[in-house]
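The same chain A turns up in both complexes below, where it pairs with chain B and then with chain C.
Coming up: the complex of A and B.
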């Protein structure tokens, strides 16, 4: 099983907590204050509260409900209502593999997951697009977007959900995650570095995929 | 408080907290739930008589975790309705 892209690294600040869905399972994605990203089962073992409502303190994620504190390994380390209690090792949140590569956070629910994508070197984050269509429809719309120089785009697939998109002089990495029948996220970075004007122009060009999908829907 | 006559002699007599959960139960569902919660909280668990009306269990471990076990089982699995909880410590 492959790791799937869930966020741009730049969109997950230190101390940030968010909910994601991978392989039909709800996970909490969070970054500790040392900058390391973690993906866990989105459920506090105490009362089932979503940990994605929790908060980060240093290297731990704390449940919003009763403040149970979990260290980087998912082990409960402190129960505020019983500060003297030695917390059993059995109170632990399952954790999953996380890799950051090409400016993107990749997660899997399988312990032996791998990532086919080689490190492309420095990248510039552009944007994540979340679209209410299938992966195939989203990719087709992206590839068909008119480019500023009318030269068209060139798609070079890495696998079914990842590829490089050449747009004029720019080469983008597009990593897709289909989390449901009509729910897909496209995480896009630019290979190499770029000035602000180029980043803005490419980001706006990418956002036009929404309009093209809406137009296609109206036409249908 | 439950009458001592309800408690099964098969359950541990010392250092255990005994519970009788009563209501409308699916016995095997409640047993699985109690075993899961006890394992999660690292508590010792002995399960006594189980029926559609009540479940009798004894647990051992730190009191705060026994309290957490009681809270969890008083809510129970989704197919069981717990109407009353009787708790007693071993003499």
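Coming up: the complex of A and C.
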């Protein structure tokens, strides 16, 4: 089983918390104030409320509802209603493997998951894009998108959901995650460096895939 | 100038005005108006508005203004001498007006979807695609702003554009739209919460 891409690293700043869905399971993805990203079950052991509504303080994630505090290992460290209580070790949120590579956060719900992608060296984050289609349809539309230099794109697959896309003089890494029947997220970074004008142009170009999909649907 | 806001706690358009009032440090009177979902709003006896039936209603020494956009523009003109929230320079004023109009145009789908979901009026799912399309347009804009190292919708500080747009994104989970698909808006939301004078409303958590 492979790790799945869930966010650009740059989009998850220290203190950020968000809900994600991986392999049919709701997870909370958050980054502590030391910069380490965590993925946990999105469920507070107290009353089952969503941890993705919670907030980060230093190295812990706090549940919004009654303030139970969980340290980096998912272990509950403090219950505000009982400040003197030594919290039982059994109160713990299951946590999952997180890897950051190529400017992307990858998560798996399987403990032994691996990542086929080798470290491509320095990257520049471009954007994430959600599309209401299948992975195959999204990738085909992206590969067929007219390029500014009219030279077309070249796709070099790493695996089913990840690959390098050459667009004119630029090389993009596109990491996809199909989270439902018609829901796919594309996380895209540029290999090497680029100035703001190039990043803007490539981000606009990527967003144009939405229009191409909408007009393809109309034609169908 | 005595300012009165005819207000409903759960109404996101009223919240738009409460937000700006907070940022401006405005001293004003809040009058809670009872609202029956699906029915026109009834103002207290003796209060008349040109466009009856809707909130928010702002009264400034007898001048009444209905709707969030008018109220925001009025408060910015009357209570922000430095003109930071509604800048006068055309290259800022134009884009702020664009987003203000957007908040009452395409983004009204989000306001309607939330109202429908919260008060059980009609089918919220019918409104969600248009609401998501509006939020996606905002996300695209903030992706590009981020590449230009800009943190706000217009210019280099928060304006009425941010105030008018914030509530619909912050409250989108009320109509079942999660924030994970909008990373650029998520970052902007966290920044917005740090503005001096920020206040929450039901549905927007207070982390204090």
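We adopt the following convention: the second predicted complex is superposed on the first by the 220 of 220 C-alpha atoms of A that agree within 3 Å, B and C clash if a C-alpha of one lies under 4 Å from a C-alpha of the other, contacts with A are read in each partner's own complex, and residues count from 1 in each chain.
Everything that follows uses one rule, which is that a residue touches a chain if its C-beta (ideal position, glycine included) is under 8 Å from a C-beta of that chain, and two chains touch if they have at least 3 such contacts.
Just so it is clear, the structure is predicted and the values come from calculations on it, not from any experiment.
*Asks:* Would chain B and chain C fit next to each other on chain A once aligned, or clash?
*Replies:* Verdict on chain A: chain B and chain C fit.
*Asks:* Check whether A:143 is in contact with chain B, with chain C, with both or with neither, and answer first, second, both or neither.
*Replies:* After superposition on chain A, A:143 lies in contact with neither partner.
*Asks:* Who does A:91 touch here: chain B (first), chain C (second), both, or neither?
*Replies:* first
*Asks:* By the touch definition at the top of the document, which applies to A:204: first (chain B), second (chain C), both, or neither?
*Replies:* Second partner only.
*Asks:* Does chain C touch more residues of chain A than chain B does, or is it the other way round?
*Replies:* C
*Asks:* Output check: A:171 vs chain B and chain C. Expected answer is one of first, second, both, neither. What do you get?
*Replies:* neither
*Asks:* Who does A:46 touch here: chain B (first), chain C (second), both, or neither?
*Replies:* First partner only, chain B.
*Asks:* Between chain B (first) and chain C (second), which, if any, makes contact with A:78: first, second, both or neither?
*Replies:* Neither chain B nor chain C is touched by A:78.
*Asks:* State whether A:15 touches chain B only (first), chain C only (second), both chains, or neither.
*Replies:* Touch status of A:15: second partner only.
*Asks:* Quote the smallest CA-to-CA distance from chain B to chain C in the superposed model, rounded to whole Å.
*Replies:* 23
*Asks:* Would you mind listing the overlap between the chain B footprint and the chain C footprint on chain A?
*Replies:* Chain A residues touching both partners: none found.
*Asks:* What does chain C use to touch chain A in their complex?
*Replies:* The contact residues of chain C facing chain A are 136, 140, 143-144, 147-149, 178-181, 183-184, 186-187, 190, 205, 207.
*Asks:* Could you pull out which chain B residues touch chain A in their complex?
*Replies:* Residue list for chain B touching chain A: 39-42, 62, 64-65, 68.
*Asks:* Would you pull the chain A residues touching chain C in the complex into a rising list?
*Replies:* 7-8, 11-13, 15-16, 18-21, 53, 55, 62, 64, 127-128, 130, 185, 196, 199-200, 203-204, 207, 210
*Asks:* Under the definition above, what is the set of chain A residues touching chain B in their complex?
*Replies:* 45-46, 79, 81-82, 85-86, 88-91
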